[in-house]
Amino acid sequence: MKISSGTVRLIIPAASLTLLLAAVFYMQPRAMSYTGLNLLFNLAVPIALATVAQMLIMAVNDLDLSMGTFVSFCACVTATFLQASPAIGVLIFLGAIAAYAAIGVVIHLRELPSIVVTLGMSFVWGGLAVLMLPSPGGEAPGWARWLMTSRPPFVPMAIVASIVIALVTHFLIMRSSVGVLIRGVGGNVRSVERAGWSVIRLRAGTYALAGFFAVLSGIALVGLTTSADANIALRYTLLSIAGVILGGGEFVGGKVSPIGAVIGALTLTLAGSFLSFMRISPDWQIGAQGAILIVVLALRLFLNRLEKREKSR
Amino acid sequence: VAGPVSALADTSGKKIALSNNYAGNSWRQAMLTSWDKITKDAVAKKVVAAADPFTTAENQATEQAAQIQNMILQGYDAIVVNAASPTALNGAIKEACNAGITVVSFDGIVTEPCAWRIAVDFKAMGESQVEYLAKKMPKGGNLLEIRGLAGVSVDDQIHAGIQAGVQKNPQFKIVGSVNGDWAQDVAQRAVAGILPSLPEIAAVVTQGGDGYGAAQAFAAAKRPTPTIVMGNREDELVWWKQQKDKDGYETMSVSIAPGVSTLAFWVAQQILDGKQVKKDLVVPFLRIDQGNLETNLASTQKGGVANVEYALEDAQKVISSAK
Amino acid sequence: MNEVTARREVVAARGIKVTFGAVKALDGADLVIHAGECVGLVGHNGAGKSTIVNVINGGLAPHAGEVHYGGNGGQHGISAARASGVRCVFQELSLCPNLTVNENARIMHAELAGWNWRVRALALVERQLQDIFPGHGIDCDSTIDDLSIAERQMVEIAISFAGLRDKPKLVILDEPTSSLDAGLAAQLMAYIRRFVGEGGSVLLISHILGEILSTSDRIVVMKDGRVVADRAASAFSTRSLVEAMGNVVREQEWLRSTDKRGGEPVLSMPPRRGQGLAFQAHRGEMIGLAGLGGHGQTEMLLDLYLSRNSNWWPARRKEIAFVAGDRGLNGTFPLWSILKNLSIASLGELSSRSLVDRGQEGMLGDGWKKRIEIRTPDMENRILSLSGGNQQKVLFARALVTTARIVLMDDPMRGVDVGTKQEVYDILRAEAASGRTFIWYSTEMDEIRLCDRVYVFREGAIVAELAGDEISEKNVLEASFSGGEAA
Amino acid sequence: MNTARLLFSRPWIWSFAATTVVWVVTVVFTGGASSLGLSQAALTFAAFSVIVGIGQMFVITLGPGNIDLSVPATMTLSGTLALKLMDVQDSMIAVGLLLSILLGLAVGIGNYVLIKLLRIPPIIATLSMSFIIQSTAIWANRGLRIKPPDILASFTTSNLFGIPNIAIVALVLSAVAWVLLEKTIYGRWISAIGQSTFAARMTGIPVDGTRLATYVLCAVLASICGYLLASFSGGAALNMGAEYLLMSIAVVVIGGTAVAGGNSNIPGIWGASLFMFLVVSMLNTYGFGAGFRLILTGLIIIAVILVAGGRQSNR
């Protein structure tokens, strides 16, 4: 049987997640329950959304260094305006998404490196967040809190949400026409252009879509934490990039996988828990986080090798 | 006061975890060392079954929330937490409380009502700096303020205290304010950048740990050294001592003692023991003055932070005095 | 003749001028294409063929002149061209390598919208592929990345010819056969005739004059941005065509040298995957790698090259050089000037104490610019400003400049014009005589015939070795299809 | 006209132009009184960014995805270990420097081992590495601040003819890096690899050797910078490199190096480093709060890029 490269891109992250999960269950059997799974994974939901947003940007060969500060900004908006006066909150979000689209347009028109523009934007979002919440606070809107803490039957919310995110984005990016065009821009801009599409609109749309998912990430995050601060999600920049890579995505060439990205986000979260369960001396706890990242990625290599052997057989 | 025997009987099977959000500066390292020292002893004496410290890689509420959720899974009886954010951990802390876990927060406290708080009045700490300066130089003068990390509550509180102090003492005027991110090199960089454009500075108010960097920046710019409020770091104290010996330089130093983690440990132990403890406890900050500089310097580890560690009895005193 | 001119004009470009800086790519060129004809477009490298294609296609606005689609002018641009039924297969492969075949079809065909487009796209491409290249064996669900360069070319051609509701009116093919082997090229030419017969039009650009002569109704010859001849195909012969392009026709006077197989081989390799024959090369030999495209020739060249070249330590002396065929993939450095692209492989000789001597580098560049006629005003221009064939010449020069005694060539003549080819053959001959060994993968029989010895590939292994007079089209084809017996 | 075109084709011009504007605006605030002090401070602190920026630039030149996130941790570990080893003795200054360099060597090799042997994308490999290095720094000294030897401390904080010594060190390193980049075979090689690794390999460039050397170079520069910074600020702190993560990347890209790799320039790093320091100083001087300061910093960066960008030309 011939395995397509897209499938391979999925099998490997899924296998590493499964292995890691098995290890966690072995070390902490209590995790093997409804509550346990929810506790393990609920903070992965906002990360997964941010990862999907980053993946969209990476699909058009760009990189968003402002993801963390933007999600922080969205969290601050959620905990303040969206909670107090939803209409203004929604307007701010629409403005933010429009800003993302505008960034896409600017990057395209002036052929600027996305890294620099988003680096600049990261200061802007950070500044806006500090202005909004000079010290931590705010309150989650009731519905966001309800959504993130609801307890559906049989399967915990964290898992349901991850699956929904994975499926929706898979359909959007891998199956729909828009998704094909977005990935086409990453694969070969000129051919998309020559086929008569407006690449500038495509890029703007992609950025706006990424902005939208980042907004969702901010809302989900506040739903979990109940409040926000200006630095709440700074780590999401690196986490989201790592998640995309772990999920089999690549920096250039429009090679991305939404399901993989969600799995990548789950894997990263799980890797952190795995460490807590290992009880390492505090001196080395930080180092162990590095080590586990290395192990998980090395696993990817190992599985890759196995798969290659299968294929050449 | 309950005898040690009964405490031993009640909590010897209990497990306590420390959730720490940051380990990247000397204060946090001293805090972890104090924790290690006191709790090892307590575990050896079978006061508690375990007292494991956990640290996250980056100073992030989300990561710490995940850490606390893992602690719930691991079945700890109490969690002592130095929080990255007073509110952003509330979700995770609520879950811990629901699971029947005692949560005690210190230094970086949390607002979730089910948790205990061992708070330092950071606002008063900021105010005390200006008050000291008002006494020292009644004529007042220009102040340079070095702030911490923007968007963090401690920074906001100390700043509010300093502002309140300046309002009460209008002879002082803040002519410059920079963010030093509680990092020596960042503070030095920021001060060096703003210094050339500032008028004469009478004093520098800080948030702890930035004093030495500020002194360096003033020296590099060849400006007269103002009164710099210190933050209990050993290098600051040594510098102060040198200046004092040279020309009688006067200042004060104030910060929260890293050993407060051990107080939080004992408070958690007492709660597990069934003691009635008020939800809000206050610990004094550790202040060093011209008079007790030498004694404090002598007891401070080279390159470390001036510290006080707490024993069970001290904790019981703090608890009972709050009643 | 009268019949042709009476037909409807599909595209008419008149008096087109395009300049890139100092380069006049087009200098008042006229090109009119009527319904139901195949126009062959030939010219030396850099004559402006790809540029006029870009103008007709709407991707490039001319600085002077007009383009009319279907007789009614005014509109210009990619959308206008597409709306008038103009499709284009570019010289540089232009599919999205990360997408599947049917997804690429979706991008090329905006009308494939709505539910179930995947199924329809799949059916469309599959039908078209089957139509053009019967028995192609391409899985339309696979990603372009997983296809060989020939298969990609086939897919691109099929997508361009495919039409959902109405067939395209004009398909422009810019060197479509440069990476197809003879069999596939013949299938394509046959299809073009059928397509034209049904009323479609084709603009065919190629340096292989045989297919131009056999397939086109009319041939347009370009030179230095101008059209210098425009006549019915029957009015040309190979000879007159070459002359119209401004080259002198020379007879092939290839004296195959005596057998050089004595002594130690300079390069050898055991049978690949344990099958077939072993590979050996001797000093001064010119060895051809033949067979159908994609049967492991490139792979073998890569292996030969990588096995003799450390990835960790700089080589003290360069002993082996490589000329890329897929120049976008492993040939050019797009940000660099032509000069830097030329000298990169021989910096060792151009420098003292690892500091590069710019003067010496410049002299080298000027020398080779004259020697192989790189068409540019300035070697400091970016490599991408060169026409495809001229880029290929630079890559060729890059390998010849080195001191390497062995040169591997991965179908290096793709898109090189006839005149230059002859010059390059001369250079190769001289170099081989002075003791250089060439290992040459080619998809063109004419080139294979120039070799001293030929290895024929099938399914990743060498299945036959032909030497001297055994090298003939018949023998090569026989070995590529049946193998075994020829050994 | 022609000179203008030549000037405008130099991407680093813009970072210098921006720097000049910001400098003037800041100095105007004090009526010119602060010009010398500000310039000296700017040169001093820009020097640190330049040193790490150069290393980062070499890595970024290697092409898409290449980046070294272990810079801050390497700085911390190098400062911590070197100061601990020197232990305030002037006689140990050279030994400390040697230790720093060896450490950089080890980190660079470690990074490339992860990238090459385990095929981990550089961004994650170096991030993971940085966690491990940070842990080592914690383990080695638990954040205690040890003072630098006196001679070293006074060297790093004093001036020569009004130019900070640190800036002179950075200038010398930049000159060496410039020669390396513009004049040597190595410079051509990294640029080639940055444009197309496969093509570079097929022209006979020892790709792995070159990339390894580049990662090592970056780590060694970070190490040296950590050594100098710790000496300059009176002791190593565990968080002392944190600022230099974004900074090292920012100065490279604002300075006009192509992020896609293959094209880089050293003067731009100086312009961008001075610019990054002066922007913050300017906004501090004008008394903006943290929020506005951040927003304005971001907008100014984008503005500079907008003016300087779109420099795609055929030359």
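To keep things simple, chains are lettered A, B, C and D as they appear, and every chain counts its residues starting from 1.
Everything below uses one rule, namely that a contact is a pair of C-beta atoms (placed from the backbone, for glycine too) under 8 Å apart; a residue touches a chain by one contact, two chains touch by 3 or more.
The shown structure was predicted, so the numbers you read here are calculated from the model rather than taken from an experiment.
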| item | value |
| --- | --- |
| Which of C-D and A-B has more C-beta pairs touching across its chains | A-B |
| Chain C-chain D separation of Cα centroids, rounded to whole Å | 45 |
| Rounded Å distance, chain A centre to chain B centre (Cα mean) | 34 |
| Geometric centre distance via CA averages, chain D-chain B, whole Å | 33 |
| For chain A paired with chain D, centre-to-centre distance based on mean C-alpha positions, whole Å | 29 |
| Two or more partner chains touched - positions in chain A | 130, 134, 285-286, 289 |
| Shared interface positions of chain B, touching two or more other chains | 23, 57, 150-151 |
| Two or more partner chains touched - positions in chain D | 131, 134, 138, 142, 258, 290-291, 293-294 |
| Each pair of chains that touches, named by its two labels | A-B, A-C, A-D, B-D, C-D |
| Sites on chain B touched by chain A in the complex | 20, 23, 32, 36, 52-63, 65-67, 69-75, 85-92, 94-95, 149-153, 155-157 |
| In the complex with chain C, residue positions of chain D that touch it | 179, 183-186, 188, 191-192, 195-196, 198-209, 212, 258, 262-263, 314-315 |
| Chain B to chain D touching residues, read off their complex | 23-26, 28-30, 33, 57, 147, 150-151, 176-179, 181-186, 188-190, 192-197, 212-213, 216, 219-221, 233-235, 301-304 |
| Touching residues (chain side chain D, partner chain A) in the complex | 64-65, 69, 114, 118-121, 123-125, 127-136, 138-139, 142, 246, 249-250, 253-254, 258-260, 290-302, 305-306, 309-310, 312 |
| Contacting residues of chain A [partner chain D, same complex] | 106, 110-117, 119-128, 130-131, 134, 238, 241-242, 245-246, 251-252, 283-291, 293-294, 297-298, 300-301, 304 |
